[in-house]
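One structure coming up, written as C-alpha cells, with questions to follow.
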Amino acid sequence: MSELTTVSLITIVAETALKTRLAKDLKQLGVSGYTVSAANGEGSRNRRAGDVEGGNIMIQCLASRESSLKIMTHLEAEYFENYAVVAWVSAAEVIRKERYT
Amino acid sequence: MSELTTVSLITIVAETALKTRLAKDLKQLGVSGYTVSAANGEGSRNRRAGDVEGGNIMIQCLASRESSLKIMTHLEAEYFENYAVVAWVSAAEVIRKERYT
Amino acid sequence: MSELTTVSLITIVAETALKTRLAKDLKQLGVSGYTVSAANGEGSRNRRAGDVEGGNIMIQCLASRESSLKIMTHLEAEYFENYAVVAWVSAAEVIRKERYT
Amino acid sequence: MDSSAQVIIANLTSPPVLAFAIGLLAVLVKGDLRLPDPIYQGLSIYLLLGIGIKGGVALRQSDLSDVAIPALATIVLGLLIPVMAYLFSGKLTKLSEIDRGALAAHYGSTSLVTFTAALVFLEQSSIQYEGFVTTLLALLEIPGIIVGLMLGSRHLKREVSWGESLQEIFSSRSILLLVGGLILGFATGVVGYAKIEPFFGALFIGMLTLFLLEMGTLAGRRMRDVKAAGAGLIVFAILFPIVSGVLGVVFGYASGLSMGGAAVLGVLAASASYIAAPAAVRLALPEANPGIYLAASLGITFPFNLTIGIPLIVLVAQSLEGMVG
Amino acid sequence: MDSSAQVIIANLTSPPVLAFAIGLLAVLVKGDLRLPDPIYQGLSIYLLLGIGIKGGVALRQSDLSDVAIPALATIVLGLLIPVMAYLFSGKLTKLSEIDRGALAAHYGSTSLVTFTAALVFLEQSSIQYEGFVTTLLALLEIPGIIVGLMLGSRHLKREVSWGESLQEIFSSRSILLLVGGLILGFATGVVGYAKIEPFFGALFIGMLTLFLLEMGTLAGRRMRDVKAAGAGLIVFAILFPIVSGVLGVVFGYASGLSMGGAAVLGVLAASASYIAAPAAVRLALPEANPGIYLAASLGITFPFNLTIGIPLIVLVAQSLEGMVG
Amino acid sequence: MDSSAQVIIANLTSPPVLAFAIGLLAVLVKGDLRLPDPIYQGLSIYLLLGIGIKGGVALRQSDLSDVAIPALATIVLGLLIPVMAYLFSGKLTKLSEIDRGALAAHYGSTSLVTFTAALVFLEQSSIQYEGFVTTLLALLEIPGIIVGLMLGSRHLKREVSWGESLQEIFSSRSILLLVGGLILGFATGVVGYAKIEPFFGALFIGMLTLFLLEMGTLAGRRMRDVKAAGAGLIVFAILFPIVSGVLGVVFGYASGLSMGGAAVLGVLAASASYIAAPAAVRLALPEANPGIYLAASLGITFPFNLTIGIPLIVLVAQSLEGMVG
C-alpha cells in the first residue's frame, strides 16, 4: 500500500440555511472536496430560522493542516457570532496526501 | 484566530428507540450540546426493535475529557449489555474550549 | 469504568452504487460491524452514475490498526482508480477493544 | 365451491394481500422492495389518521350510550388476553418469563393494518359493522402492553422505569394520530368529511396496498428468526390468535354488537402489535429477545391473520350469530 | 345564530383547521405529530405547484387587461405594508430596529397556506373570486421581504450582501414552483388540466389537512417563544393583520376586484410569511432574533388568520361592498 | 394546421411534458426543483408498480398465445439494438470501445417514463394498443444491458464479475416492481383493480407530472456534459432513436401487433435507459465515463423522445400501417 500520511479533517455543524454559502467558502479557501450530511441537534443558543426549513447540516472536509486553520479562522470571523455553527479539527491518515490541499 | 485547544469528541451509535433517552442522559451529564444524524449498520449482535421503527442514530458530542469519560461509564453501566450501542472517543481541536463542558 | 484503549476508525465516503459491495468487502476483511449513513459531496473527479440513483454513502468502521491498514490497501487496489471513493483512518478510544477485530 | 372457500379466495386475491405476498417473495430472490423510510412513515400517518377520521365521523352518528358496554368489554379483553398469552406460551414453548411477558404485550395489543384489512374485507362482503369500532381499536392498543410489561418484569432484579415507559406509550404517535383523527372526524362530521373523502377515502385501499408491499418485505426478513424460533412458537403464533379471536367474537356478541362488529372485535383480539408493542418492550424490557416477539407477531401472526385469520373469524362470527349474547 | 357566527364556525370545523388544532394540541401532551421532513417538503411542493397550476388555468380565461391594475395595487401593498409594520411595531414593542425590520419582511410577504385556506373558505361559502389571484400571491411574495431587509439593515455597520440575498430570494423553490405552476397551467389550459385534476384538484383539501397537522405542531413549538415575547408583540401580531387585511380589501375594491377578489387580497395582505421570509432574513440579517419573528408570524398571526382572520376579512369585504371603488 | 402538427402540439402542451420543460428551465435560473430523494423514490415505485398492475390486468384479458411472437420479437430487438448502437456510435464519434459498450447498454435497454408517456399519448389520441405491452417493456429491460456490457468489456484486461453484476441486474428494484405489479394485476383482475383504480389509475398522470418536474431538473444538470460531449454524440443521441424506433415499429407489425402496439414497441426500442443501465454499467464497467452515457440518454434522447420522438414514431406507425407484416 502507498504510505499513510496525516492531514486534517475539519467538521462543521451548521444550520441548513448556510449550506450553499459554506460550500462556496470552502471552495474559495481551496479545499479539494467536501462531504455533507443531514443532522439535527441541540446547542446552547438554538437560534435559527426554525424547524420550518429543517435542521442542521454536517460538513466534513479533508484538508492540509494549513487550510484547516484558515477555515477555522474564516468561520470564527464570519459565522460564529450570529449563526448556529460549531466546528472542530481532528487528525486523519490518508493515502496520497497531495489530493488534500 | 483564537487558539485551538483539544477536547473530546464522543460518538455514539445506537438503535433509534434510544434517541430521547440518550439525549436526556447527555444533558443530565452536563454537555453543552450534541448533534444527531440517521444511520444504519450491522454489528455482532443485531438485537433491536427491528426495521419497523428504523435503524440507528449517530450522536456526536464535543465535551471535556472528563465529561466524555463520565459518558462512557454511563453508557457501559446502562446500555452496553442489553442495547445495540457502540461508542468511541476521539480528539478534536476547537476554538473556545470553555463552550464544551 | 473498564479501561479505554485505542483502535482505528476507518471512514469511507463512496458513491451509493458501491454500498452492497463495500459492505461485503468489509465483512470479508473481518470487521465486527460498520455504520452507514447517507451523504452528498463534491470532489475533484465527480464521476458517478449520476444524481438519479442518489449521492454518496459514508461508512464508519471501528477496527484494529491491522485491519484498518488492510482495508485501505484493499480500497486502493480495487476502487480508488475508477470509483468516487475517499477514505481516511483516525484514532478512536473504546471500551472492550476485543470487540473490534 | 362453497361460500367459505369463496370468501377466503376473495380475500387472497385482493390487492393488499397480493402486495404483501409480493413483498415477501421479493425477499426470497434477495430483492428489496422496502419503501424509503419517510414514505413508509408518511403512509402509516395517512392510514392512522384516515382510520381515525372515518371512525370519528361514524362515532358522531352512533348513539353514544351504545358504545359504553362494548368499550368495557374491549378493556376487559385488553387485560385478559395478555395473561392468557403469557400462560399459553408457557405451555407451548420453553421461553423465559421475560420473553413470554414480551409476547403477552404484543398479543394483548393490536395491529392497525390487520384491523384495516378486516374493515376492507367486511365492506367487500357487504357486512355492516358499528361505526365506533375504531374507538375500540384505540382502547385495545395500550392496556395489553402494560399488562405484558408487568408480567415480563415481575422477576427482574432491576427497577423498571414505569413513568418514562408509560409516557412514551401514551404520547406515541400512533395513539395521538388515531385519537386526533377520531376528534377531527367527530368535529367535522359528514359535511366536512365529504371534502377530504377523495384523499382519505377513495385512495385508502391503494395506499394500503403500497404499505403492505413493505410489510411483506419486513415479514420476509423475519423468516430467518421464524426458522430459529422452533415449532412451539410457530404453533403459538397460529393457535393463539384463533383462540383470542373467538374470545373477541364472544365478547362482541355478549356486549351487544352486530355480527360485523363482533367480527371486528374478534380480529382486534386476534391481531398482534408489531409497532407500538415492540417500541415499548424494547425500552422497558430490553432483556427480551426481539428475534422472538417479532418473529411471532410480524413473521407469523400478521401474515396468518391477513390471509386466513380474518375470513376465518368472520365465518366464526357468522356461525355464532344468534347463539351468544 | 346569525350568519357571521355561522361563517366562523363553518371555518373552525373544516378539516384543515381542525388538523391544525390537533397538531397544536399534540405538542401540549409532549407528542410529536411532525411529518417526516421529505413528506413535508413533498406536500409543500404539491401545494405550491397545484395552486400555481390552477391559477394559470384561470389566468388564461381572464382578460389580461383586467389583471394590470390589481397587480399594480398588489405591488404598492407590498411596498407599503412592511413600512407600516416597521412603524407599528415600533409603537407597540421595544424591539430593536433590526428585529422590527425582520418583522416588516415577514408581514410584507405572504403565507401560501393562509391564501389557500382562504380560497377553500370562499369556495365553501360559494363566493366567486377572480381567477388571477394566484398571480397576486406571486407578486406579493417578494417586495415586502426586500423592503423589510432594507429597513432592518439601515443602521448596521457591516455591508449587506444584497446580490447573494436577492439571488437566493428570486431562485427560491417556492417562487419557482408557483411561477412554474402558473406557466404550466396557462399553457395546458382547461383541457390539459382535466387530466391532472384527480391529483391536483380532488386531493387538494386532504393534502392541505395533512400539511396543517404539521403546521400545528410547528406553531405549538413556538408557544414558548410567544410567552417570552411579551404582550406588545402579541398585540402587534393580532392587530396588525386586521389593519393590513382591511387595507388589502380597500386596495382590492379600489383596483376593481369583485367582493371575493377583494377578500383574497385582504387575506394576502394580512398574512405573514413563515417560509420565504425567515430563510431570507436568516441569511441577510442574522442579527435579528428568530424567536421574535417566528413567534409572531408562525405562533400567533398564522393561527389567528386561519381561525378568525379569514372569516373576519370576508365579512369586512362583504360590509364594504359597494362603499369603496 | 395539419394533423401531424396538431398531434405534436397536443403532446407538447400536456402537463407531464410541460412539467419536464419547467424543471429544465429552473436549472437555467440556478433554481432547484428536485424533489426530496424519498419522494422521488416513492414516485418511481408508484409508477413502476402502477404500470405493472395495469399491464397485469390487461394481460389476463389477452389471449396468451398472442403474446408469444411479439415477446420473441422484443427479445431479438433487445439483442440487436445494442449491437447497432455500438457500431453506429463508432461511425459518429471517436469514443473508446468501453464508452461505446456503455452507450450500447443504455440504448439496448428502455425507459419506463418514455414508455408511460407513450401510453398516455396513445390514450389521449384514442389509439388502441395490446394490453400486454407492459410485458414487452419488462422483456426489453435487461438483455440490452448484458449485450452492451459484453461489448464494452471485450478488450478489458481485468476479469468482469458477471455473477455479481447479473444478480444485481435481475434483483434490481425496477424489475421486481414491474414483474411484481404484473403478477398482482394478473391475480387480482378487473374486480380487484377497481378498488385501487382511484389510486393507481386516476392519479397516474398527476404523479407522472410531478415526476417529470424532477426529470427535467436532472436533464438540465446534464446540459454541461452535453456541451462537452461534442456534435457526434448529439447526432447519435437524436438519430439513433429514430432508427431503432422505426425498427421497433417494423418488428411490431411483423410480429402481428396492431398499429398502437407497433408504435409502443417502436417507442420502447427508441428509448434509452437512465436508471437500470447506469447502475449496472457503473458497477460492471467503471472505466466508462458517466458524463458520456448520461449526457446522451438523459440529456438528449429522453427529452427528444418525450417531445418529438413519441409523436413521430406514432406517425411512422400510422404511415406504415398495412405496408408491413
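Going by the order they are written in, the chains are A, B, C, D, E and F; count residues from 1 in each one.
Heads up, the rule we're going with is that a contact is a pair of C-beta atoms (placed from the backbone, for glycine too) under 8 Å apart; a residue touches a chain by one contact, two chains touch by 3 or more.
All figures in this text were calculated on a predicted structure; none of them were measured in a lab.
Touching subunit A and subunit F together: C, E. The minimum number of touch steps separating subunit C from subunit E is 2.
Of all residue numbers used where subunit A meets subunit B, under half belong to both copies. The two sides are thus made of different residues. Between the CA-based centres of subunit D and subunit F the separation comes to 42 Å, rounded to the whole angstrom. Remark: subunit B and subunit D have CA centroids separated by 35 Å (rounded to whole angstrom).
Centre-to-centre separation between subunit A and subunit C, using Cα means, comes to 20 Å. Across the assembly, subunit E contributes 36-39, 198, 203 as residues in contact with two or more other chains. Residues of subunit C in contact with two or more other chains: 37-38, 90-91. Those chain pairs judged to touch are A-B, A-C, A-E, B-C, B-D, C-F, D-E, D-F, E-F. The part of subunit B that touches subunit A in the complex is made up of residues 1-2, 4, 7, 9, 23, 27, 32-38, 62, 90-95, 99.
The touching residues of subunit E, counted against subunit D in their complex, run 13-15, 18-19, 22-23, 25-26, 29-33, 35-39, 124, 198, 202-203, 205-207, 209-210, 213. For subunit D in complex with subunit B, the residues that touch the partner chain are 34, 37, 164, 168, 218, 221-222, 274-275, 278-279, 281-283, 286-287, 289-291, 294, 298. Every residue of subunit A that touches subunit B in the complex is listed here, in rising order: 11, 13, 37-44, 56, 58, 69, 72-73, 76, 80, 86-91. Within the complex formed with subunit E, the subunit D residues making contact are 36-39, 41-42, 45-46, 49, 53, 167, 170-173, 176-177, 180, 183-184, 187-189, 192-193, 195-196, 198-200, 202-203.
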